[in-house]
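First the structure, then my questions, so here it is.
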Amino acid sequence: MNIDHTILTVITFVPLAGAVLLALLPDKGKLMQWGALTVTLITFALTLHLPFHYDYSAVSGAFQFEQNAEWITSPAIHYHLGVDGLSMWLVVLTGFLAPLGVLISWNTISDRKKLFYTLFLLQQVAMLGIFVSLDLFLYYAFWELSLVPMTLLIATFGRTVNRRRAAIKYFLYTFIPSAILLVGMLWIYARTGTFQLPELTQLAATHGISNNSAALWLASLAFLVAFAVKVPVFPLHGWLADAIAEAPTAAVMVLAGKLGLYSILRFSFSIFPDESHRIAPLMIALGAIGIVYGALIALVQKDLKQLAAYGTLGHVSVVILGIFTFTIAGLDGGIYATLNEGIGGGALFMLLGILYERYGTYDIRDYGGLAAKLPWMVTLFVITTLSVVGLPMLNGFVGEFLVLTGGMQSTITHHTRWTVLATTGVIFTASYMLWMVQRVFYGNLNDNTADVPAPDLDAREHLALWPMVALMLLMGVASPYWMRAIDAAGTILARELQQAQPVTTNSPLPVPTVPSLANVLAQNDLLPAVNFKTDRESKLNLIPAAADATKKESKLRNISTSWSAALHSAASKPNTEATK
Amino acid sequence: MQLALFIIFGALAVAGALNLLLQRHPINSALSLVVVMMSLAVLYWSLGAEFLAAAQVIVYSGAIMVFFVFVIMLLNAGEEERTKGSRAAYIVGFPGAAAIFCLLSFVFLSERHAFRSSNVGGYLNNITSNISEISSVLFTKLLLPFEVTSVLILVAILGAVVLARKEQ
Amino acid sequence: MPSVSPNYDSLWLIPLLPFAGFLINGTIGRKLPRVLVTAVALICTAIPAAIVAWLWITMKAAGAPDLIQVVSQPWIQITGLQINFAFTVDHLTLIMLGVVTGVGFLIHIYSVGYMAHEEGYWRFFAYLNLFMFFMSVLVLAESFLLMFVGWEGVGLASYLLIGFYFKKDSAANAGKKAFIVNRIGDFGFLLAMFLIVREFGSLDFTHVFNAISVNPEWHGGILTAIALLLVLGAVGKSAQIPLYVWLPDAMEGPTPVSALIHAATMVTAGIYMVARCHTLFDRSPFALGVVAIIGAATCMFAACIGMVQHDIKRVLAYSTVSQLGYMFLACGVGAYAAGIFHLLTHAFFKALLFLAAGSVIHALSGEQDMRKMGGLRKRIPITFFTMTMGVFAIAGIPPWAAFFSKDEILYQTFVSGNPIGKLLWLVGLVTAGMTSFYMFRLWFKTFFGPEHFEEHADLHDHGAAVHASSGSHAVMVADPEETHVHGVHESPWIMLGPLVILAILSFIGGWVGVPAGMGGHDEIGHFLDPVFASGAAVEAPTASYGLERGLAVISVFAVAIGFYVAYIFYYKKPRTAAAIAGRFPALYRLVENKFYIDEIYSALIVTPLLMFSRLFLSGLIDGGIVNGSGAAAGATTRGLSSLVRRVQSGNIRSYAGWLALGAAAVLLVMIFGRSVWLH
Amino acid sequence: MSAQVPVAAYLILAAVLFSIGVAAFLIKRNLITIFMSIELMLNAVNLTFVAFAHMWHQVSGQIFVFFVMVVAAAEAAVGLAIIIAIFRTRETLNVDSIDLMKS
Amino acid sequence: MSPNVLALLPEIILTLTGVFIMMAEPCLAPNSSRKPLGWIAIAGTVGALVASWYQVSLGVTIHAFSNTIQVDAFSVLFHYVIGAVVLVTLLGSLDYFEGNASHAGEYFALLCFGAVGMMLMASSVELLMVFVGLEISSISTYILCGFRKGQATGSESSIKYFLLGSFATAFFLYGVALAFGATGSTDLYAVALGLQTTATPALAFTALALILIGLGFKVSAAPFHVWTPDVYQGAPAPVVGLMSTAPKAAAFAVLLRITFTGFPIYQHRWTVLMWVLAALSMTIGNLGALLQRDVKRMLAYSSIAHAGYLLVAFTAFPFDGIAAACFYTATYAAMNVGAFAVITQISGYDERARTIDDFTGLGQKRPYLAALLSFFLLSLIGIPFTGGFFGKFYVFSAAIHNGNVWLAVIGLLNSGVACFYYLRLLAAVYTKPGAESARLNQLRPISIPAAVGLALAAAATLTLGILPSGAVSFAEYASHSTLIEQGRQECAAHPDCHIQLQFDVR
């Protein structure tokens, strides 16, 4: 049997098996750490199967490593997995970050280790599941599932007494829009009878989902808002700073960015190309504002993690800007920048975590002059900083450059001015990052931390950080290796999106029409769909008791009319057949 | 004659009900309730339900109400104090009760022409006794509820035993 | 014609060797003995220099191609845009490469002596090699983006080297300032690149410039926009008004760094870029005019400030800014060759000046204030001699190097088609006088007159170690030559050697560009002709030699005045300067404080921005609206919750009341409710 | 024959009794009295049943009443037992003082 | 076997079990263990479940006792739910009374009798039968609520439930009376037929409204939810587990039958009402639970909210709606009874752990119990791969299919609010134990039967979440079986019409 058809299932569920295993093992010594490390390493090794067996020559953008089986008959839900250029590297990245997350938590998590590593592995399952699911229902299941381990990690391993509040804030911020997303999904299903992404994409391309633009618009917003909160897009980032400030390092590394951005690319764009066009000017604006906003607020933060949190906001905003330009450069760059965010941001949070491990504070005012004491630390920190500020030859630059290039090439309204605004971000990002480096590492030793005996990085920390740094360099210099898969996906996406026509072109910033209850519900569209496809009817076999069925058909009709009069507008009536 | 019966015993029932409501001693209330039940028994009879009229007197006024009085005596319940326990009962409860009454009356009155009238003795005019009909329906069509009622009684007995028994 | 020849594969070594040096020293340098660190650093810069020399010879040979291109792997490759690792060598590149590798190598040698006692010796050379790597990438790049790589990279190296003494807050601040101000310029560069991608679909120089060349009708418009944005980048990197502020502060770095990065090479990247893009600039007279005006203004403005500075390195820093202004001016009037010529000579004499100043500072154990110098002529004669060569060169005394290059610029400005060309020439001329003045002021104050310095016998304060904060006392060095030197002393030969070489170059460097009007052949101009072919039109044969000679005389006259005034003020009657300053205290203070530009920037831009971020963005928007809306929603929900739970009074009667009300409501809905609001 | 009473009259009488029962439930403080008001409501329902049984000439309505009586008896047994249990722990029959659990 | 016996097989088995236990109870020595009686009850329940399985395996709809009882897939589904809930409750409370109540036998008997009532409700299509079944289940629940007589809260819970329950029953009864008045019958099919020609539609609306009030009380739908928090808080934990699921399931079965079989002609009217009730229940339930500290009370509010989610199914098309409601009932029963079974194990007879703070540190002291509790809570939230999620998904899918998008929006927003309080408990469970969690130190080891019960509930919740296909098709089968029966009844009115149902259960 060819492993290519099951590899994604294996990748997704190996961490689950690991989680179950850890839950059953006794929490003694370093057993949990080693166990989690083994599982994550195995997962990572498995994810590496993807890039090595990926068919880069396929330009059709078809999904690879596909697995498609019926899961639930009614509603029609499939167990449908597959990756394309959009998701393949994200899967690998998720696999890559996990062992590092374990390494970085090795000593910091000293009690309730079993809980921690179990949740950590579950989080990985959910994330991998999100990236490989091609069935909306399956996707949504993983999407929701991803909230739980993260929330619990924040709530139980948070840093301060605010942890529960931060956790619940995170959960509510992301769960409530997800609930609306579910409504949108269900509406789509009611219209089309399928949850399968490829089918939906085709329908969307032929305007086959619905001809009610108002309802489609609302559905697209339901999708987009849910994703945007998760990203988070300015101004929906209310949860970000608190959650990042509280969460343990390994959790923070995967907290923001990837999931939401991927979902926008995969689902919002594919299912709602026209609506995406309509909202693009707004999203571009929010992206550009977010870049500057995040950087400026980071500039005045006193807490290192908060600073990095707002920095993260800026970086995910870059991606938002990029993908909504609908240009190849913007989309490619956006996807690339998503990977970069995972690496650069991850490394930054790891370094901050290491600092915290040594000095027990994230307050920037407690630091200073550490460069002499921690030479390796400062080296890696500066490299990470440079990656984050987008220094050419490091990974951050490639994505950022392509995004902004795309911004300039775009045809979305006002793209130039927003691109210019976004480009100022390079100044502000450099400002806050360098200022942070200066305040932490340069100058004289701070009295608060001068006496803390703190060794430089140990072997474990080196092991956790060097892969990151190496990737920063490699991805900065040899980007085509990653880009060839991404570009194929980006090109197709750009073509689809550019073919889509914005619903309204005259209004620059589309103001969502807030429909009244009566208004929307009165639309025919929300009434039972004519093309509702289901095989429910076929399941009911009403066998005629006698042979002369046809003769009495008229009678049957009479009865079923009276019955259906009683059951107003029932779409799926049982297929009664009557005979005398 | 039926009108007279209706007016007299209807008024008596309402008066008894109001008295139940206004009396402060439980015993008085219980006796008022007996009055209501007796009046209703008469009305049942006037509607041709002699069996029910008898059952009402025997089961309800006779057995159940005696049970009530027994418990009142047992617990030595005195006059109820005028405690101010609940504003909601007055603020929302009474409008609610009044609205229920108004709505029900509205429905009954608006559709009164669809109801047939009734006359004294009901079935007595054409059927010798409806008791036999009751029994035949009870033991054919509604046999199961009748049987299952035994389980209900069983549960009640069991419950009464469980609850009223003192813990050892 | 781009020709890819396997013979030129060694080009890759030019950047890669320094990078290898960086990697070796940067990772394991701490553990290596100094000798090895030195060896790695020097070898990794010497070989590229040799390769450049070989290239020079090859390309000067008859029939050699004007352009060599080498292409390697793609760096960024997406549908519709490909950027390769590709290098181009033409004559312009060659000159720049010569400067970078040659001067760079000399400064590396110098640094071996200068930094001998520093704790972060390995780090210093790692950074220096990193700089060499990026600088050569910048120069060799075949595309805007690859040039930007070098552009940003040298900024990074500069940041690291300025902040070399990271324990000093001022050094860390200066490094950060340099990086951020450069980023403002990069902002323009980036935007220009985005526009280029949009308009041309490529970032390759060849592609873009060919596209412009074959479309002669393209003028202004988007080209102007691109050009102006590029100018913004150049202004940042080359420290022109209004972004020059980082350069004086950059003097916090070790002196060799100032010499290499902030005088000879990196800061000239802006000029190199403008020259490289001359095809583009030629199509936008407006942008050229802006370049010229910025150049002229900077040149004068910096000279003004330079006249009253007391810190020897700051005087040199402002003089650098001023000289860069000259180069800008040259480019702005279309005399790219002149600009590059001045760039070349400037690299020699400014590197020399800085290194010599470093030697002076070294001699005085870290003293940089000229008011505490004087009379050093006899104590450090070789330094004095080399410094004198540098001063004469920069002042523009014939036949020292800068005389020819500066004159070329002034002449070209005078004859240019620029509507205010004559005014610009005048500015340049006055600045020449001022340059002469402040350089001789430095000369006199440092080497003549009474001795104002104190002797430092303490070995612990010896040498450049003084730069570092008190925490980094150098361990006693086992170098026998150094241990017995006390007080003011001449530098070791490892430092003086480069000085001497540069002094010679400063003297003869200008001879390659002696214009025909003075009997020369303007070799450098002809050498660059293949590059600036389209711009050569400016150098009209109509210009008479007479005019050229006349202008030269005028400028020599201006230089003489500058010298004379300095002589009077600082040698003959040392009080005069103070007296004049006393006459105009406000003006003097204004100039002495650099026109308060830093303070103005701080008050007008930095502080408001921080306040805006802190109060408006962080406080009002983030705290108020973003978090507030969440909190408000939470509070509302909680309020509703307590409302709901108020119903739960625990009283059976009130529960019955609610039930009755609910029943009434249900009846009402059922009896009177219409389904219209559903379907 | 002239003295016919419309069914609606019985129904309204039942509604009156039912509403009084509801009101009594709301007003009375004694647990036993409250229980009695429930009995009143059930009686009102019974009247309705009988009236409709008469109207439809269907005895099933009357049988329903019969069942209600049985159920009422069972409920009375259980209910009064609960009241006794309450009285044992609380020493009171006042409904307003039975509010240990709230909000 | 006579159809009458066959139709009532599970009920008969349970009744006999109950009677046997009741008889055996006094025969046992006062201080001897009552566990054997519990085992008998368990055996009886299992027997009832097997009997139900046997019924459905026949594949036909059984009518018995002059059409007062209709055993179809629908009723069997609810029998399963009720039986399973009772089984888990029995397993969980085998050790519950040890040493505390000497007459635990009556408890087991009452559970059996209660189950009989509920099962009868689910299978009856005659309003009188519904009423009797309702009373059996209600009265046994009233008694069970007050089973811990020593506690003042126990009897208070009992009296509150009893008085308000009887109050609501009166409304239900009034509704039945008016339905009888409008159609001249109390047989649901006859009612449905009669309504087509009734001269008094307003009376019919009123009848339905009053019936809904009565049943709304039983399922604790807002605004008839007021009793729920108090009663649940005071009642013993296993009883709450039972009463929040099984009688509710039965009441929903009745509600489904009455609305979709008895009053389908007025669907456009009662849909509006259900819309409002659903929205109100979800909102009020979740808001009430939001800041609740008492765990049982919090779950009481949550059960109000869940009733709201279930009511959403009533706004869908008949087919979708019934199937979704059936499915949701099953999942809700599984997860809620599971959650209460865990709480039973943790807090025990004397309610060691009442508030959220009491649960602090459970994760470390009893990792498996904590994990199970978290799992049930996550299912209640509606996290994927649990039954709660798929149930919600199915219900809202049905509602949206019928165009009730905004109701779905309200509902899912509510489920967002709901997370808050479930998560608070969950977070407390996994917080480090502190001084306040000393109460958890006296935990007894969990008994094997209780573990089996918990495992059953967890397995059901999980299976309904990840492999819901079977359950979904069974729910659809149930839905069809009621609807087709309706068509058949309609058909029966026409002499020349005949319908036969053969369902292919996949």
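Chains here go by letter, A, B, C, D and E, matching the order in which they are written, and residues are numbered from 1 within each.
The rule is short, and it goes like this: contacts are C-beta pairs under 8 Å (C-beta built on N, C-alpha and C of every residue); 3 or more make two chains touch, one makes a residue touch a chain.
All values reported here derive from a predicted model rather than from experimental measurement.
Engineer: Could you pull out the chain whose C-alpha mean position is farthest off from that of subunit C?
Structural biologist: Greatest centre separation from subunit C goes to chain B.
Engineer: If you average all the Cα positions, which chain's own average lands nearest?
Structural biologist: A
Engineer: Centroid of subunit B to centroid of subunit C, CA atoms only: how many Å?
Structural biologist: 101
Engineer: I'd like the Å distance between the centres of subunit A and subunit B, where a centre is the mean of that chain's Cα atoms.
Structural biologist: Going by mean C-alpha positions, subunit A sits 65 Å from subunit B.
Engineer: Report the inter-chain centroid distance for subunit C and subunit D in whole angstrom, where each centroid is the mean of the CA atoms.
Structural biologist: 96
Engineer: Can you give the whole-Å distance between the Cα centres of subunit A and subunit C?
Structural biologist: Distance between chain centres: 41 Å.
Engineer: Listing for subunit A: what residues touch at least two other chains?
Structural biologist: 517, 521, 527
Engineer: Can you tell me which residues of subunit E touch two or more of the remaining chains?
Structural biologist: Each of 128, 131-132, 135, 139, 142-143, 146, 149-150, 158-160, 163, 167, 202, 205-206, 229-230, 268, 403, 417 in subunit E touches at least two other chains.
Engineer: If a residue has to touch 2 or more other chains to count, which residues of subunit C qualify?
Structural biologist: Correct list: 645, 647-653, 656-663, 667, 671, 677-679.
Engineer: Taking all chains into account, which pairs touch?
Structural biologist: A-C, A-E, B-C, B-D, B-E, C-D, C-E, D-E
Engineer: Which subunit B residues qualify as touching subunit C in the complex?
Structural biologist: Answer in residue numbers: 85-97, 99-100, 103-104, 106-107.
Engineer: Across the complex, what residues on subunit E touch subunit D?
Structural biologist: 128, 131-132, 135, 139, 142-143, 146, 149-153, 155-160, 162-163, 166-167, 170, 173-174, 176-178, 180-181, 184-186, 229-230, 233-234, 297
Engineer: Which part of subunit E faces subunit C closely enough to touch in the complex?
Structural biologist: Subunit E residues touching subunit C: 159-160, 163-164, 167-168, 171, 202, 205-206, 208-210, 212-213, 216-217, 222-224, 226-227, 229-230, 268-273, 275-277, 284, 287-288, 290-292, 403-404, 417.
Engineer: Looking at the complex, which residues from subunit B come into contact with subunit E?
Structural biologist: That would be residues 103-104, 107-108, 110-111, 114-115, 140-145, 148-149, 151-152, 154-156, 158-159, 161-163, 165, 167-168 of subunit B.
Engineer: For subunit B, which residues are in contact with subunit D within the complex?
Structural biologist: Residue positions touching the partner: 1-4, 6, 10, 13-14, 17-18, 20-21, 26, 29-30, 33, 36-37, 40, 43-44, 47-49, 51-52, 55-56, 59-60, 63-64, 67-68, 71-72, 74-75, 77, 80-86, 89-90, 93-94, 96-98, 100-101, 104-105, 108-109, 111-112, 115-120, 122-123, 130, 133-134, 137-138, 141-142, 145-146, 149, 152-153, 155-157, 159-160, 162-164, 166.
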